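Right after this note come the structures.
In the two complexes below, chain A is the common chain; its partner is chain B in one and chain C in the other.
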Partner chain A sequence: MTEQDGYNLRLYVAGQTPKSMAAIANLTKLCEKHLAGRYTIEVIDLMKDPALAQRDQIIAIPTLIRQLPEPLKRIIGDLSNAEKVLVGLDIQPT
Partner chain B sequence: MIPSSVLREQRADVHGIEKAPTGIAGLDEITYGGLPKGRPSLLCGSAGCGKTLFAMTFLYQGAVEFGEPGVFIAFEEHPSDLITNVGSLQYDIQKLITEKKLAIDHVQIDRHSIEESGDYDLEALFIRLGFAIDAVGAKRVVIDTIETLFGAFDNHAALRSELRRLFEWLKQKGVTAIITGERGDGALTRHGLEEYVADCVILLDNRVQDQLSTRRLRIVKYRGSAHGTNEYPFIINEQGITVMPITSAGLAHDASTERVSSGIPDLDEMLEGEGYFKGSSILISGMAGAGKSTMAAHFADSICRSGERCIYFAMEESPQQIVRNMRSIGLDLQKWVSKGLLRFSARRPNLYGLETHLAAMYREVREFDPTAVVIDPMSALTSAGITSDVHSMILRLVDFLKARGTTALFTNLGGVKAESATTEMQISSLMDTWLLLYNRESNGEHNRELYLLKSRGMAHSNQVREFVMTSDGIQLREAYIGPDGVLTGSARLAQEAKDKANKLVRQQEIERRSRDLDRRQREITAQMEILKAQLASEEAEAALLNQEGAAREDQLTEDRSAMGKSRSSSRGDVTPFKSTARING
Partner chain C sequence: MRIVPADRKANTASPSEAEETIEAIHGGNVDAVVVQGPDGPRVFMLEGADQPYRMLVERMSDGALTLGPDNAILYANRRLSELTGRSPADLVGKRFDSLFAEASPGVADGSTREGKLLGATGAIPVAVWSSSIAMGGFSARLVTITDLSVLRRAEEIAIAERFARSILEQATEAILVLSSDGRITHASGMAEQIAIAPPVGRMFSDVFPLDVQTTAHAGIVSRFARESLDTALATKPFHGVEVKLRNQPVNKRFFLLSAGPLLNDAKESVGSVVTLTDITARKRAEDQQTMLVAELNHRVKNILAIVQSVAGQTVRASSSLTSFSTAFSGRIKALALAHDVLTRTRWIGIGLSELLTALLEPHRGRVTLQGPPVLLPAQAVMPLSMAMHELATNASKYGALSIPQGTVTIDWTLRNGDETGVDISWAERGGPRVEPRATSGFGTKLIDRVVGYDLDGKAALSFEPGGLRAVLSFPLKADAASPESSWSNLRPM
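Our next item is the complex of A and B:
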């Protein structure tokens, strides 16, 4: 895993809602499939840390932010549409 | 005009719902207390109506005046811009933020960097809002402008259900909220927010008419409460927002029996010797140069002289010019300005709209709290609006001033006859005292005359009086009513001179006759003297006669006794003469 092609992803959720759980599952599945070994996922529960919602300008839940590589990308929704997620994260399907 | 009794009844039935005062002058009056407490209200209007300022004022006043901290959720403006913008209203937002009385959360949405994939909700927005509310213990929330979200998200159905949930959530939180919305075509808001926020909807409007823009406010609906339904003008200036609740003033003002001097002793004399009623409205109308402003200045001077405050709204002249002009008739207004008793408020009528004028006057009156105001001239305001508007404005102003017990003096250019009152915006019926100033031409000169057309509630003089402006101010001349009517100017002087001459002639006549009498008296006395002398001489003659008679009698007696003596001595020796004499005697 190098700096260039490593994916640093943050997933913002709010509690254990069905949408949040679905998003976590969908993201993990997708990353395993396309980014195996070169990604990190940080799940942030805004219920536990509400101040981060303002800091990171989060409105919709769930929100996925691609911290790295630059530029910053946002995807909202439960990530059920894998194709859109790949486009949004700028990942070439393998 | 709503009768005060109706208003009172309405007030009684609004106790059902609790209100949160906005602290915006006027708005709390037309809503009978403020916005519905613990509920969201919708504030809509097109761009540049002052929605953001309105909302910020609500929060600022809440934090400063009512001890209710607030949260501002800004979708459109950056907090630093927001703070700077409302800084023009002298609101120190930064200080409130430092004191934890206000929180601003800027929700930044960059449409281009957001991709949608699957279902989502706005839970994060709720979390942010909840976090901000808890951070300052907010009782008030402003969301400005939530419709931005419609541009950011594709799934409008989801968004709508989330908005519905948001407003419910706000209600549960028990915060008084203002949701702003941009005006849409044919609808109050572009995305139909009024469907969700249904408790109270306030519409702001900024209309341009005859090149003058006026901000207006209307309460479209207010569930569970009575409210004023009209459009109310409002202004935004450096002191904040003022709404004119004008027609809510009603006709319930007290009528004072106190009097205020007109500033002209002679005129007071015509008004039962005491002047105008305190708190009444006085109209002085006349043509150009009839002396309206001078009358007004006299009044202002007299108010200040008695130690009371007065505002002089000058529409056509600058304060300096008025002060200078009035000095020529012996009125020193500058003295009162320096003492802080007189305030000049000069503004061009067409500087801004009529309502804005009214609101500005309204605010100034509340701030300075004068005993009397002068509006000189009222007719200038017609250039700031349509005649019907001017009428309603004057009505509102009169109501407002009467409710405060402030004596108002209006001057009006034009109309010198009661019949032409229609052209005077029908304001004459609003006035308690109407003074007409004529500038009548006769014999090649113009003379000033005044006439008290009406003065409610007092036995005023019915005379047309001539007045002159002297270096000691306005002075009324004694009314001269000759056989040809009232005479003024030179004609009056001529008549007076003629009268004087006639009087002299009459006086001379009297003197002559009294001299005659005197002389005759003297003649009679002289005659009496003569007669007296005659009498005396007659008397003397009579006395002499008596004396002679007595002497002769004595002589006879003497003769007889002498004869007797001689007879007794020589009888027969009788002288024939003596004997004859005795027989004859």
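Our next item is the complex of A and C:
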């Protein structure tokens, strides 16, 4: 995976709240389907370290940040609407 | 909705993102918000009800985790992190199966399976329970992982303890475990029975007051004062000290006191195992054996005296060496037969009919026995055997048994009165005509002697022309005296 075509995703969650759980599950499924082998997901639990929220100015949980490819994109919610997520992340459905 | 930022722009990157955030919150797509506080950002749950459960799960002594649809780990608690030696962040996203050393036990609803968890220092036996749950529109799985190694060790210890305890309870000997200060920590069922008070927790000397039985051992135990005996038993090996307990009801019994060190895993003495073996039966057997040897010695001497006496008298009454040999061996055989009967009946006595049948076996078919059941006491067996032997010998040499058509009838009656007795009648028929004798022979004298002196009765012999008739009358009394001892009265005539 190169930096140009790879997706570096960062998912902010709050422990195992239902929306956080749903966001992890939905994101993993979606990435496997549309970005197989081209993505990394970093799950950040703000319950364990709230200070990490400052890095991406997180105010609502769950929040997904697309670090790469630039520009940085932000999607708030449990990512259950796959179409909205694909649009939000600029991913062409395969 | 309970929390709404006062200044939408304060924490957001752009107005559109702030609007998106508000929209997401309104839309119910968010369940926590981050609020900037004086000490940095803080997370506030919009639905705070799960906070107590979160704390409980983090404090659990079992590992707990949540799995997503592909069995990927979404959450792991502190205990699972400790068990695996991996941080919660490291565990999140990993496959459930990767936690296990060998084949993963898998997950099944509501059931518990066992597996080997990859631990920080090696494989850990664990029990895995799981249940599926619907969370936020997708199916998740809750899993607990219980460390069985502690449980297994506890079970092993419990089994070993039960095993040791059942040995103690079933042991027929009194077994005690003493701590190094002489205090009893364990006691077998037998030990509890013979102690003067429940022994566990007490000093040995308090519940087992001892008297040493052998002088050789007296020094060993009496050298110690009561308190130091406890210490000595707990710290020094003792072997085979014969003791008696002073307490009822075991004060008549003999015990063998032994003590050996109790060692821990490091082979250090942590007390002792003391046994009190009941040797009363062994002591009795030893005493009985000593008595039997003395009795045997006495009887052998008596028998030799009888043989010597019979030999002397037979020599005097015999005209030749051949007649001596025949008469002497016949009498010795009669003695031996009587002795066999006594040994077989353990010197208790024998039925008269049974004894006569045995004695007159060589003349079977020609001797008729008639009479009521009579138990002959042991001391009457030898004298009567000798008397009957003389009568049979005389009959086969000169009387009814010397020719084929002669017969002998023996009948007896019991006398009841002041003294129970028996009258035995010997009647010969069909033999050669009998001539009255001028002098009585040795056989006749012997019959008179044994019936008169040894059976305390009388013998009446009449040499009638049709055949010899004899009546032997004697009392039936069970003397404690040994039968041979009376035979020592047999003197040369």
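Everything that follows uses one rule, which is that the second predicted complex is superposed on the first by the 94 of 94 C-alpha atoms of A that agree within 3 Å, B and C clash if a C-alpha of one lies under 4 Å from a C-alpha of the other, contacts with A are read in each partner's own complex, and residues count from 1 in each chain.
Operating definition for what follows: a residue touches a chain if its C-beta (ideal position, glycine included) is under 8 Å from a C-beta of that chain, and two chains touch if they have at least 3 such contacts.
From a predicted model like this one, the values you see are computed outputs, not experimental measurements.
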Which holds for A:K48: it touches chain B only (first), chain C only (second), both, or neither? second
Which partner does A:V85 reach: the first (chain B), the second (chain C), both, or neither? first
Determine, under the contact definition given at the top, whether A:L68 touches first (chain B), second (chain C), both, or neither. neither
Which holds for A:Q16: it touches chain B only (first), chain C only (second), both, or neither? second
Taking the superposition as given, does A:A25 touch the first partner, chain B, the second, chain C, both, or neither? second
Footprint overlap on chain A, where chain B in one structure and chain C in the other make contact: 14, 17, 19, 22, 26, 46-47, 50-51, 53-54, 57-62, 74, 76-78, 80
Chain B-facing residues of chain A, complex: 12, 14, 17, 19, 22-23, 26, 46-47, 50-51, 53-54, 57-63, 71-82, 84-85, 87-88
Hey, which residues of chain C end up touching chain A in the complex? 5, 11-13, 17, 20-21, 24-25, 27, 29-35, 40-43, 45, 47, 50, 54, 66, 68-70, 72, 74-75, 88-89, 92-93, 135-138, 140
For the chain B and chain A complex, residues of the former touching the latter: 105, 107-110, 113-125, 127-128, 130-132, 149, 152-153
Give every residue of chain A touching chain C within the complex, in rising order. 14-22, 24-26, 28-29, 41, 43, 45-48, 50-51, 53-54, 57-62, 74, 76-78, 80
